[in-house]
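Each of the two complexes below includes chain A, the first together with chain B, the second together with chain C.
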Partner chain A sequence: MYGFEAMTFNIHGGYLEAIVRGHRAGLLTAADYNNLCQCETLDDIKMHLSATEYGPYLQNEPSPLHTTTIVEKCTLKLVDEYKHMLCQATEPLSTFLEYITYGHMIDNVVLIVTGTLHERDVQELLEKCHPLGMFDSIATLAVAQNMRELYRLVLVDTPLAPYFSECITSEDLDDMNIEIMRNTLYKAYLEDFYKFCQKLGGATAEIMSDLLAFEADRRAVNITINSIGTELTRDDRRKLYSNFGLLYPYGHEELAVCEDIDQVVRAVMEKYPPYQSIFSKLSYGESQMLDKAFYEEEVKRLCLAFEQQFHYGVFFAYMRLREQEIRNLMWISECVAQNQKSRVHDSVVFIF
Partner chain B sequence: MGDVRGGCCPPMDLFRSEPMQLVQLIIPIESAHLTVAYLGDLGILQFKDLNSEKSPFQRTYAAQIKKCGEMARKMRFFKEQMVKAGFSPSTKSEARGDIDVDDLEVKLGELEAELIEMNANGEKLQRSYNELVEYKLVLQKAGEFFASAQHSAVAQQREMESRQMGEESIETPLLQDQETTIDLSKQVKLGFITGLVPREKSMAFERILFRATRGNVLLKQVPVEDPVTDPVSGEKMEKNVFVVFYSGERAKNKILKICEAFGANRYPFAEDLGKQALMITEVSGRITELKTTIDAGSYHRDNLLRTIGDQFEQWNLKVKKEKSIYHTLNMLSLDVTKKCLVAEGWSPVFATKQVQESLQRAAFDSNSQVGAIFQVLSTRESPPTYFRTNKFTSAFQEIVDAYGVAKYQEANPGVYTIITFPFLFAVMFGDWGHGICLLLATLFFIVREKKLSSQKLGDITEMTFGGRYVIMMMALFSIYTGLIYNEFFSVPFELFGRSAYACRDLTCRDASTVGLIKVRETYPFGVDPAWHGTRSELPFLNSLKMKMSILLGVAQMNLGIILSYFNATFFGSSLNVWFQFIPQMIFLNSLFGYLSLLIIVKWCTGSQADLYHVMIYMFLSPTDELGENQLFPGQKTVQLVLLLLALVSVPWMLLPRPFLLKKQHENQHQGQSYTPLESTDDTLHSEANNDSHGHGHEEFEFSEVFVHQLIHTIEFVLGAVSNTASYLRLWALSLAHSELSVVFYEKVLLLAWGFNNIIILIVGIIIFIFATVGVLLVMETLSAFLHALRLHWVEFQNKFYEGDGYKFYPFSFALLGDEDD
Partner chain C sequence: MEVEQEKPSLENVQARQQEKQREGEVVIVEEEEEQQQQVEEGEENANVLQFMDSMDAYLTLIHSLSSTLRQGWLELASARHSMGASRVNTVLLDHKFHPAATTLLVTQDEGKVDSMKQHFTLCKWASSGNEKCSLGEAKSGQDKLHPQLRHRASSQLYEEKTSSEYKASHEVDDQVQKERSKSLSVFGTLVSPKLRAAQLSFETALETLVEIANTRSAVLCAFDKVNKKLGGSKG
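And then the complex of A and B:
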């Protein structure tokens, strides 16, 4: 069907594409960030945001503001927009939109399970969950003692159930297990999402495969870096990489044996031209800046998704961009609140 | 620049926009607030933002704006609380003197704190009240269940005893176990938990319970009929009372966790019947106790809200005013000495005195030692466009503004629109019956004007109400054209005397004009009723309306071109007069003006000449003899001359203007390069001044100007033909309207009448009324309105209207209310 979306896309997707492009135009601009970075107090930030699309969500907050309130309200706006789009969507766009939230669902599951492991209050944990990844019985996760129970009790009803087939063990949950579970789930989710997009075909497949491949590769690198020096075996590590992306399969083989961040990972990644630019920006020993570099690259790619019409990638891209923007706002507010304004630019990823 | 007004005409506000001036105010800082407040009351000055490079929170009065925002938030909070409690803020504004802003802020803060505390207390009480209500429900429902279970168990035991056999089956109630195991103390005692769970979650709840305990659980659920208020969220929801029986401590822990996860509230429950009864009475007692407390609390709260409500509007207005004052103050630039603020803004020339007066008043009232300084600046910047309209003219001006706001001081088509717009509408809507209906509808709005303007209306009603005077004019004119067309719901009337025609003998029938002879003087006004229903009615009316449309169109386009002459003389551009206005006039009139002349001559002389033929062969073979199509002697020569004139006027329009403009520009440029030598200081100074008010000279690009002129010429030449043809829509819509009303009248009303059956007649009348109102009065009005709009925007206004100005938005408190949410 490639090339013929233009004829039929607007029947079902036209309205929502217009909506999402309108939302995209509401993202904060360079001037906004400039002004935000000059704010002295959180009230200044509120005042500035009240002139943007966040205005109606923040205007009724009483004055001593907290960073969490700002972030919460901004997320609420994103969730409202998402829900509105989901209500209007028809198949297969609605499934596509639901896929976007599965990542948050995985994070929430992991958050709750880890939290209960450390004996935190369930209500407190629920408040920390991302609202996009909520499902009905999420609170019940606290009951489970091991993976099998987790699956049988709760997750079998959620869309995450098929992803679990890889990690059903009767072992008791511990931090390591949970982290492995998160990555296994994520791997299965990304592969499933990738497959789904390929099934949709056309420009959606083209653009989403690029975006998802980047996501998969980033996760592969992160897994490698995080697992260096842990008891995770090479084979186990190899199992956590998603089976697609630019690095698949040869890059994965090399990453699986890496033992040092600077030399080895860099050596592996520099063989792949698209990632060369990321690593060439970092000098040796600056691995902590890697996250930001990856985010910047991601934002660039997400923005490019808007250059093409008649595909679903814009929805994914918009959600991601908005999340990035909220992360930026959180960082700025945090810096302003703690009087660390010199560090504002450390972690803000500009979206233009 | 304002006093160049055309000397010949008396000053009329609508012909051109108000002359404006850029004024500079230097206000001492101590009286700034009061000055801006007075200017806001006056509402005649548009402030320019002098700090546009500063972000909102870097400006001088950011803190005050924040304070106002905080107060506005409190006001919103009060409003929300009032709406929740079912009050509406009273509109009667008790003038309780002016309140100081600082006092107001303190007061609002106190009230908010009080209200929040009351709410918190009320919520706490409400929560325990809701909990008790839930508890009572659990006691009742679970009690019933236990009682019935015990009853059946006892019955079954009796049965068993009578059978003397201890056979167990799956159907044996679980409680029986309990009952029977009491004496066999080896068995584990079953525990149970009672509570309430939201109904939509009950299925999942049951499923999870089953899974978590591997089926070793018994769950009983009873739906509660009425929605219950959840103590935690305070929302009404449907709930089920449940009882879970389990065995073992581990299961209990799991179930407790699951209950917590599902938001199921648990309540203790006693097995003993006596205790249950005791509990129920106790709970009921506490419920009534709490109820009185809550009632007292909410009475207090209502009282507080009512006192707030009395002054709400006044406070709200005050807060809004304050906020807008500080916003305006933020647009002023602070003087270097920090002792005064400098404001720049546009104001109409006529308001100079009023502005100065309020400046003086403010200086006096604020006991300032220095008054504000008022001075007029000269600038090259284009001033905003401001028309002083009243409630009658504003809607017409809106019609023009919707296309584009007039350039500063250019001829305003709004004046002519007041008459031409309703008139063109009426040409398409000619039926005096429908006109009267429309008039009555709009009179309803006009009579209730005062009442309606103060309240919020729906979207469509609002629009209709806004255009009530337009609709009134449209209705009046359609009564007039309806009389000319002689149509009243498509029925002709002999209002102005009797028809001029009568049958010569008995052979002539209704449906033909053959055999009619003129017996009287011509019918004095409008179309003779004898035409109605005859076979030649359509050809006759078509010819009439078509020609009339062309006459009207040519007249209106000529008016447009004449207005371009007034624009050219007003802005002192003789180039536009000689090389735009005159050739345009010649071109249009030598072709279509001539056609109009022919039409009038044909009407007057009753000639049989074919005008299409005349016009077409005027171009194809201008030298041929006209033959029978000749209307007047010497017509051929006239046509030749006109054709030549039209041909000449095209290059006349196209070529000279760009070349002359180029020459003009070169001359200016030359002159300019010499001037700086004479007085360097002066020009430097003036240049510095000019810098802030926009640059004087743009680059002159000859090719651009030429292409522009080319486009303009082509557009005009082709437009002359297509625009004239476009005016034929007047005829087309008028035809459609009259035919539709004939169809509804004859095929619905007369047909129904013909059946001689009262029911069919009533149905017929109902259909007729709905069709008339729905199709003819609403849809046709809309379509005729749109076509009239198009004729004005495109065919009329493209002859002269630039429409690239910007509107005058004065800083005014009167406009504050409009931007409310």
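And then the complex of A and C:
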């Protein structure tokens, strides 16, 4: 036990913790995934999902179904559950729940700005935004020409405002600047979320520190791999890594100079015992399975969060597990739609 | 009496000689006709073989295209799964006016009056000005340099030429990589290797499509020849 959470947590958080644990029981099991992997068409998937909690969301969808429709409706279910919990939550849980959605907010901002740069219609862009990341003035993003205007006109009144201090320049928005903006915002968000959880203290701080540190480390590895062979300099790459996590600071120094996925990234990660298990599953040249290995490790850690009571980590863990489930459904649907069922197990991560 | 007997024998001999000559001419004509028939049959067989060969190549290319496209679509789905639906999305495609990254050159075969055979050449990354046409043409360009390179009198010249060749090909590769990254930048500059793999698959599929077009042109041309011969032999 970390403190006296057992005495006071249930006053304000007991009802919602019970709700989220109930929602957790509704996550798809290995048996559900086995049935889904054997489907021949998207209508078969819809039929199997009708027996799950996704049933009411998919039942009115006409055939022929599309994979994006399945993902949209399943996401709608997650959004409804989140909104119900948010409207019932008091401080500091309500702020904690809002923090969970800032990542989607950043993705939506970048989507609108990039789409506007490519002369796309704003309405079309708004339809593709993630519902968890919506805010009132999001449509106004389309008028900004540079980051200073972006901040001044729109983002100053949003929760993302504090994260912009490192990005404000008068440079015009282009593809490289937008990418750097995305990663800089996300880095600032993760660090802020980490500090908030540390302030909460107790079991929440302990569990969330582990989960957020893993997120920061995974981002550092993905940024390194994705920037190999691009124009991003080593210094710029180093600036995008978060200032916490297991790899901070020495692992980051080594990752910043990596130029090859298999040899050097593996050599860096294998020095850290918690990540040795991830890389031991991959043989040489299987860097494409790295995503799945990271997702499996994340799911393991998220499931462990439910082993303890009286902390806010269960809310974060539930949201992330649902998002993983939706990713699984997306992948299964794509494999069925493309008649590539032999590749289904390449990316499906079982939660239970 | 003896003179009268000689005259018929001379006439007979002449008649026989003329007959033999006529027979010889007939034999020669028959032989010539037989040879011509053999040549025509040979040509027909060659045309039919050419048609069958080009048809086989066409079907093989169709099968190859199908598997390359399947691989490309799955890699794209995998990239979307890895990067997220908001990063790999049709709404991010660029609607601004920009020159085509790749162009197709269509030429007619010259020299044959009745030939309708078209030839297709793919010019990749044409927007950069450093046009990289189909691989065969690039390789033949390099081969032309080799006879000079084999001259042993100046080994330094040989080394300079190989290093300059290496630099030139390296520069072309770098330029091609930059053009590839530029095309992919609609999805962001830090994209997953899975998206790059999808791009390569679709690039290969495009090259295969052009090969299919050329092969189809050859199939139709061979079919025309076979058809003409069949029509001629029936008439």
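The definition used in the following text is that the second predicted complex is superposed on the first by the 351 of 352 C-alpha atoms of A that agree within 3 Å, B and C clash if a C-alpha of one lies under 4 Å from a C-alpha of the other, contacts with A are read in each partner's own complex, and residues count from 1 in each chain.
Just so it is clear, a residue touches a chain if its C-beta (ideal position, glycine included) is under 8 Å from a C-beta of that chain, and two chains touch if they have at least 3 such contacts.
Nothing here was measured: the structure is a model prediction, and the numbers come from that model.
A:N183 contacts which: chain B (first), chain C (second), both, neither?
Once the two structures are laid over each other on A, A:N183 reaches chain C alone.
Check whether chain B or chain C contacts more residues of chain A in the superposed model.
Higher number of touched chain A residues: C.
Taking the superposition as given, does A:A142 touch the first partner, chain B, the second, chain C, both, or neither?
first
Is A:D44 touching anything from chain B or chain C once the two structures are fitted on A? First, second, both or neither.
In the superposition, A:D44 contacts chain B only.
With both complexes overlaid on chain A, does A:N108 touch chain B (first), chain C (second), both or neither?
Once the two structures are laid over each other on A, A:N108 reaches chain C alone.
Tell me the contact category for A:L232 with respect to chain B and chain C: first, second, both or neither.
second
Which partner chains sit in contact with A:D157 here, chain B, chain C, both or neither? Use first/second/both/neither.
first
Counting only touches as set out at the top, which of chain B and chain C does A:E297 meet: first, second, both, neither?
Neither partner.
So, does A:E215 touch the first partner chain B, the second partner chain C, both, or neither?
A:E215 contacts neither chain B nor chain C.
Please give the residue numbers of chain A that touch chain B in the complex, ascending.
Spelled out, the residues of chain A in touch with chain B are 34-35, 38-40, 43-44, 47-48, 50-51, 59-63, 122, 136-143, 152-154, 157.
Please give the residue numbers of chain A that touch chain C in the complex, ascending.
68, 71, 107-108, 110-111, 114-115, 118-120, 124-125, 128-130, 175-176, 178-179, 182-183, 222-223, 225-227, 229-232, 261, 287-288, 291, 327, 330-331, 334-335, 338, 340, 343, 346-347
Can you tell me which positions in chain C touch chain A when the two form their complex?
70, 73-74, 77-78, 80-82, 84-87, 89, 91-96, 177, 181, 185-186, 188-194, 197
Residue numbers of chain B touching chain A in their complex, please.
55-58, 62, 65-66, 69-70, 73, 76-77, 201, 204, 207-208, 211-212, 254, 257-258, 260-262
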